[in-house]
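Order of writing sets the labels: A, B, C, D, E and F. Residues in every chain begin at 1.
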Amino acid sequence: METYQIILIALFVYLGSIGSIIGNTMGWYTLGRPLVASLVVGVILGDVQTAMIVGIPLQIMYMGNVTPGGAVAWDLSYATYIGVAGAIVFGIGLDTAQTIGLAVVFAGIGGLVGQIMWNVSYAANLPLNRVANKYAEVGETKKMFIPNVVMGQSIGFACRFIPAIIVLTSMTAASAQSDFAAIIPGWVTTALGVFGGMMASLGMGIILSFLLKKNYHIVIFLAGFVLVTYFSLSTMAVAVVAIITAILYYVAVSNIDKKGVA
Amino acid sequence: METYQIILIALFVYLGSIGSIIGNTMGWYTLGRPLVASLVVGVILGDVQTAMIVGIPLQIMYMGNVTPGGAVAWDLSYATYIGVAGAIVFGIGLDTAQTIGLAVVFAGIGGLVGQIMWNVSYAANLPLNRVANKYAEVGETKKMFIPNVVMGQSIGFACRFIPAIIVLTSMTAASAQSDFAAIIPGWVTTALGVFGGMMASLGMGIILSFLLKKNYHIVIFLAGFVLVTYFSLSTMAVAVVAIITAILYYVAVSNIDKKGVA
Amino acid sequence: METYQIILIALFVYLGSIGSIIGNTMGWYTLGRPLVASLVVGVILGDVQTAMIVGIPLQIMYMGNVTPGGAVAWDLSYATYIGVAGAIVFGIGLDTAQTIGLAVVFAGIGGLVGQIMWNVSYAANLPLNRVANKYAEVGETKKMFIPNVVMGQSIGFACRFIPAIIVLTSMTAASAQSDFAAIIPGWVTTALGVFGGMMASLGMGIILSFLLKKNYHIVIFLAGFVLVTYFSLSTMAVAVVAIITAILYYVAVSNIDKKGVA
Amino acid sequence: MTKKISEKTLKKSFWNWFLWHGCSQQAESMLGMAFAQSMAPVIDELYDNKEEKAEALKRHITLFNTEPQVGSICNGVVCGLEEANANKACTPELISSVKVALIGPTSAIGDSLWVATFIPILLTICLSISQASPVTSWLGPVLYMIVYPLGTGILSWNLFKLGYKSGIEGMQGFMSTGKLNTLTDTMTVLGLIVVGALTASFVTASVPFRIVRDVFDATQGIILENQVIFEADIMLDSIFPKILPLFLTLGVYYLYSKRKWSPLKLMGLILIIAGVFTFVGYVTGFYV
Amino acid sequence: MTKKISEKTLKKSFWNWFLWHGCSQQAESMLGMAFAQSMAPVIDELYDNKEEKAEALKRHITLFNTEPQVGSICNGVVCGLEEANANKACTPELISSVKVALIGPTSAIGDSLWVATFIPILLTICLSISQASPVTSWLGPVLYMIVYPLGTGILSWNLFKLGYKSGIEGMQGFMSTGKLNTLTDTMTVLGLIVVGALTASFVTASVPFRIVRDVFDATQGIILENQVIFEADIMLDSIFPKILPLFLTLGVYYLYSKRKWSPLKLMGLILIIAGVFTFVGYVTGFYV
Amino acid sequence: MTKKISEKTLKKSFWNWFLWHGCSQQAESMLGMAFAQSMAPVIDELYDNKEEKAEALKRHITLFNTEPQVGSICNGVVCGLEEANANKACTPELISSVKVALIGPTSAIGDSLWVATFIPILLTICLSISQASPVTSWLGPVLYMIVYPLGTGILSWNLFKLGYKSGIEGMQGFMSTGKLNTLTDTMTVLGLIVVGALTASFVTASVPFRIVRDVFDATQGIILENQVIFEADIMLDSIFPKILPLFLTLGVYYLYSKRKWSPLKLMGLILIIAGVFTFVGYVTGFYV
């Protein structure tokens, strides 16, 4: 990769990371999704087709990524940008399956680095509360953006951009070693695939801890589960069924309450 | 078609039309259904097999025909008798697909004529209320059949039989022109097929206007909808599920009401 | 069959029969199941593979066997031990389908004999109540095992072991007649298959008589039915759905009751 | 002496309705005249002088509508109420209000459950019989011609008798305990589910929009001709299956119910949409 | 001093039941003698003189029935009640009425959920293991022989202990707040759904009626031989799938429950029907 | 004079939140600083002296969290409450308690319905567009980049306005009639069903355990090599499909919720399990 390509990709890694300056809607949830990230990398490195070929399976693998309560189990943005870049840089001359395998491995490395950096920034942001407090004490409404945006994002930028530069530069250096793909053992790819699939349970488990308020709630959760397993519904279909159920539940409970009061 | 065949078919068009003298059960809902109508036409014209070949797809196409509140969107009886007759008369030497195409076109013409005649008779029946009123004022129970049956059916007969004779005679005349099938452009058949499929929404929309009493009712409607789309149930299966649901609903509401009162 | 084999099989017929001395859990519901019984017979006769080949279809055929309220419609234990033994003894040189047919026929004979013997023992046990009563009158706690276990099982053993010995010995004698399989007409096998499938209705019908307390309960039964027919669920899946439903029902009713009381 | 409608008169009233309910249908009184004719023999038997008869007839030529086959229960109920009225156990006002109250539920239930559900199911069965073999294709319609009228006739007559028997007490008992409301609600639930299923089953509409192009397959290095790279229908269905028929139906419902469009006008609209869609379909190569 | 059943005696009572519940089954007291034997060690420990023991034994040799594996909860409950009775905190009448009350629910639940649902599911799993390969077909039954008795034994013992612990307070608390009713209703809902599924899954019956004919195919101008032009089963199933097993089961239910037919008589009836159906099947060429 | 937040200030508050809600996230106040920044322009407009502003700011830099896109409704509600407070129609305590009360439901609903349901559905649609043809694979991400931010932005802004408008009366009306409870319960039902479906759809885990052996086929008299005679996954799935993902998720839930494990620790655990499973898979020949 050329220097300008490294800088551009690292910039997108930052923009697509959770809590970047453009907001999670445009950042984490748009630029950070593997499907979008692979297009961006493809455009930067001038090989959209290969980028999409590896981006699509990465997107499928990381579909269930949720980060409730700040629990960023896996840095999707890092994972995909590094993963796709790695696949393009090292994948020359490999077949499709091998290229995708490469992408999974680099995404694993990237995701791990990203996850660590998220925790670093999460800790580094703590002192900002002191700053915010100082301004609040004296009612400085106009200065609240200093701790939140200016300081928060300096830290955020530093924690994403710099490591990304380092990783990408190392990759470029290492790519001289042309038989790199052969070095990665198959079990690493397999293990990372298994790991990816299991990681979705983290997000689900944490959301559950907000939703499961009574013991019997578990069976409502199970109802959604079996609609997929036994009735073969898609997520979308279950969402529709759930909305129908919820509205009927609301109407029923409201009616019963009314009768109970009267 | 021979004259006696034309007269016979026109007679059945009348008998199978909505509100004919034999009642909708035997008329509109039996003789008027494409499946039955095609058999009748087939027997009259002496070619049951061809008649059934075109009658079956017509029946499938017009399966969802309902006429709530006098809203006769499409005259099924007219449509099929004319459609099947047309297919037999003009269809000699054509292959199956072409014959069916012909039937769809003639059914389109017939249905339209029928729909117009329904509206004519619907208007023409209005003055009968004056007659009925006159008899009612003086308590003439024995004479109520005059406005309802005698007059009503004279109008009804006139509005169905005569136009049917005209249409069928024109068809017979035109059938001299043996390359008629070639004249009908493909898009006419396509458009009428599209139209037929969409027309079922009219009956459904009007029934809905009786049933949707509260806002949340829409989700009950949707429940029935997704049982077909997501759960792949047939209409019959949904009917069974709906009956089960309705009975349980009735029992539940009755029980809750009892408890509320006590 | 050698004498010791006959004795061993007859012993297992007894142990696997309903109410044997080792309890229904280990007897009737374990040794009595065709899947287990065929293994046992196979081991005794030294041909496990053939035994399993005929045991598996017998198990599938008799899957829905329930005996509510002492209604032993079909003696499973008898049926399978005799059926499998018959298939092995007479089945030499036959192909798989024929061997299974043989097993069905012998299971039919065995099941019938067993059913009769169950009714005999059910009647023969009646006088034991007098004995038990005598001990109870004088508070002889220590002697309650006499009518229940000692006497009850003498009768039970006699009613199973002896007829089994007779049937098995006759089979051994008859097996000299090597073309036995040819004698059994195809319709016997067919009829017994039809009969077996219908017999499951007996158990269901009797369980229903305990469960159907109100008229509308029939639709709950139907709900389970259509979950299998329309929604293509397995028994296991319906059980899960039923448990979810039951828990939600319990919570709902408890809540409504609470509100009604307050 | 208590007045009672004879069995013969009840039958007469039923037949008047069953055969001639649709003879004079129009927008003013809908099935009003037919209903009056159905009541005529009953009125004749119950009331003695011309004035009473005139009054009774007049209240029955007013607007009435129902799905006539299932709705014969209304005629039965009104027979019972007229009988009660002749015995001074009911009032003309109650008769009229019960009659009007029954229009909605019986129309909706009859149309959705009988006409729109039972008929298609029966037809489907007969259709499959016809399709089994061309030689015996006549079997399907013949079966339908026997089963449908017979079954419906029996149902209709039994509903008529049921209505008559429950009569005034039935109606009052029902109304006071709120059971009628519960029953109507239940029927609405039933009807709505079924109409939802019917909409999904019988209304068809697709966006005939498709993008066809030659594409270059980089992996194989060849050009694939006339590849469908976008198909509107498949995309819409992957969001929500049959979304178009759903919106079409809800649109028709909205225009009819809230904007008071006439069915004729709606039919015109549908014709235009169908035309436009067909046109688009030909232009984009969806139809050929 | 408060009396308490020792752990050892409880175990003895359980084993008496678990092994010998079915030993003397008959139509008069069903599992009555077995129940008394299960209670014998408990009675021995709780009561001091012969009179009390005699009274207690007499109330337990009367009619009792349950699905014995799940129904061991009844034995547990009665142990608790007897203990309370020995401490004057319960009456013999209550014991008897509770015992009778438990017959229905525990029989129905045990039969439908344990015998008719759990066993077939476990068997299905073991069957599929056996079917995987002929060499290892013994694995299935061996697995079943371990899992079933062990699992059931553990369940049975825990239900026994649960029954004992909830004992009198449990039962009374339950009964006063109406919770028992709610629980029974819930169990009935559960049982009914499951039995519905079982009926659809395991009862098989088909009308072996078929019309076979040579037909002339007009479109091809040839005669097609031995075409099936009517198949009763397919038609019935297109109306309502598995309608025959449904009606067969409901018929058996009706005859058993309302007409008080004995199971033996019902078995005879089913045998006859099976015979007739087979006969018809051969005549119409359904079976060959 | 009644104070009112100007449209311009509301927009400013919304944008502060929409863009910068995540900028300073940390474990102490979560999104507290971001929330305070969102409130800053509102506070500036509503309050006149430094003391009031300081007090308002201080109550908003405290802990706050939500799924920020759907959770913008909280900001709207608080704007309404602050306005009421400035007009002496609300108290600071109420503001704080409402804010805290909203954390739970808006987080859970936002995460489960928007992030975990809407995003995957939209992605699936775009994915299938991308997969249609390699030449047009860029279409999918481009579509996503337009639809997602635009749609979410519009939703977020409308929820913000909705929250502002219902404001204090809305909240009070809701709270007094118990409607808030009902709504929260309803949302919980919705969320639970959806999360159940997500777990089944997106969590994958399989026991890579398989027994492979040469078996002797007696019927054919030959040896079949490398037959899979046991496959753990197939057996587990035949008991309960996707049972492993289910237990994994419930296990994570348990450790997180009851044992207070941190997400990092959980991630480590999952990594170890994945490693072990992969190892076993290679050893038993599941992976090659």
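Worth a mention:
As a convention for this text, contacts are C-beta pairs under 8 Å (C-beta built on N, C-alpha and C of every residue); 3 or more make two chains touch, one makes a residue touch a chain.
Source: prediction; values computed, not measured.
For the pair chain A and chain D, chains touching both partners: B, F. Interface comparison, C-E versus B-E: the pair with the greater number of contacting C-beta pairs is C-E. The geometric centre of chain B is 52 Å away from that of chain F, both derived from CA atoms.
Here the CA centre of chain D is 46 Å from the CA centre of chain E.
In this assembly, the C-alpha centroid of chain A lies 12 Å from the C-alpha centroid of chain F. Chain A and chain B have CA centres that are 57 Å apart. Shared contact sites, meaning residues of chain F that touch two or more other chains, fall at 121, 124, 134, 218-219, 239-240. Among all residues of chain A, those that touch two or more other chains are 49, 220, 222-223, 226, 230-231, 233, 236, 240-241, 243, 247, 250, 256-257, 260. This structure has the following touching chain pairs: A-B, A-C, A-D, A-F, B-C, B-D, B-E, C-E, C-F, D-E, D-F, E-F. Residue ranges on chain C touching chain E, taken from their complex, read 18-26, 28-30, 33, 35-36, 38-39, 42, 48-49, 52-53, 55-56, 59-60, 63-64, 66-74, 115, 119, 122-123, 125-126, 128-129, 132-133, 135-142, 144-145, 147-149, 151-153, 156, 186-187, 190-191, 194-195, 197-213, 217, 220-230, 233-236, 238-239, 241-243, 245-247, 249-250, 253-254, 257. Looking at the complex, you find that chain F touches chain A at residues 16, 18-30, 32-34, 36-37, 40-41, 43-44, 50-58, 61, 65, 67-69, 104, 107-108, 111-113, 115-117, 119-121, 123-124, 126-127, 130-131, 134, 137-138, 140-142, 144-145, 148-149, 152-153, 156, 178-179, 182-183, 185-205, 240-242, 245-246, 248-253, 255-257, 263-264, 266-267, 270-271, 273-275, 277-278, 281-282, 287.
The touching residues of chain F, counted against chain D in their complex, run 121, 124-125, 128-129, 132-136. Listing the residues of chain D that touch chain A in their complex gives 218-219, 239-240. Interface residues of chain A, counted against chain C in their complex, comprise 216, 219-220, 222-223, 226, 230-231, 256-257, 260.
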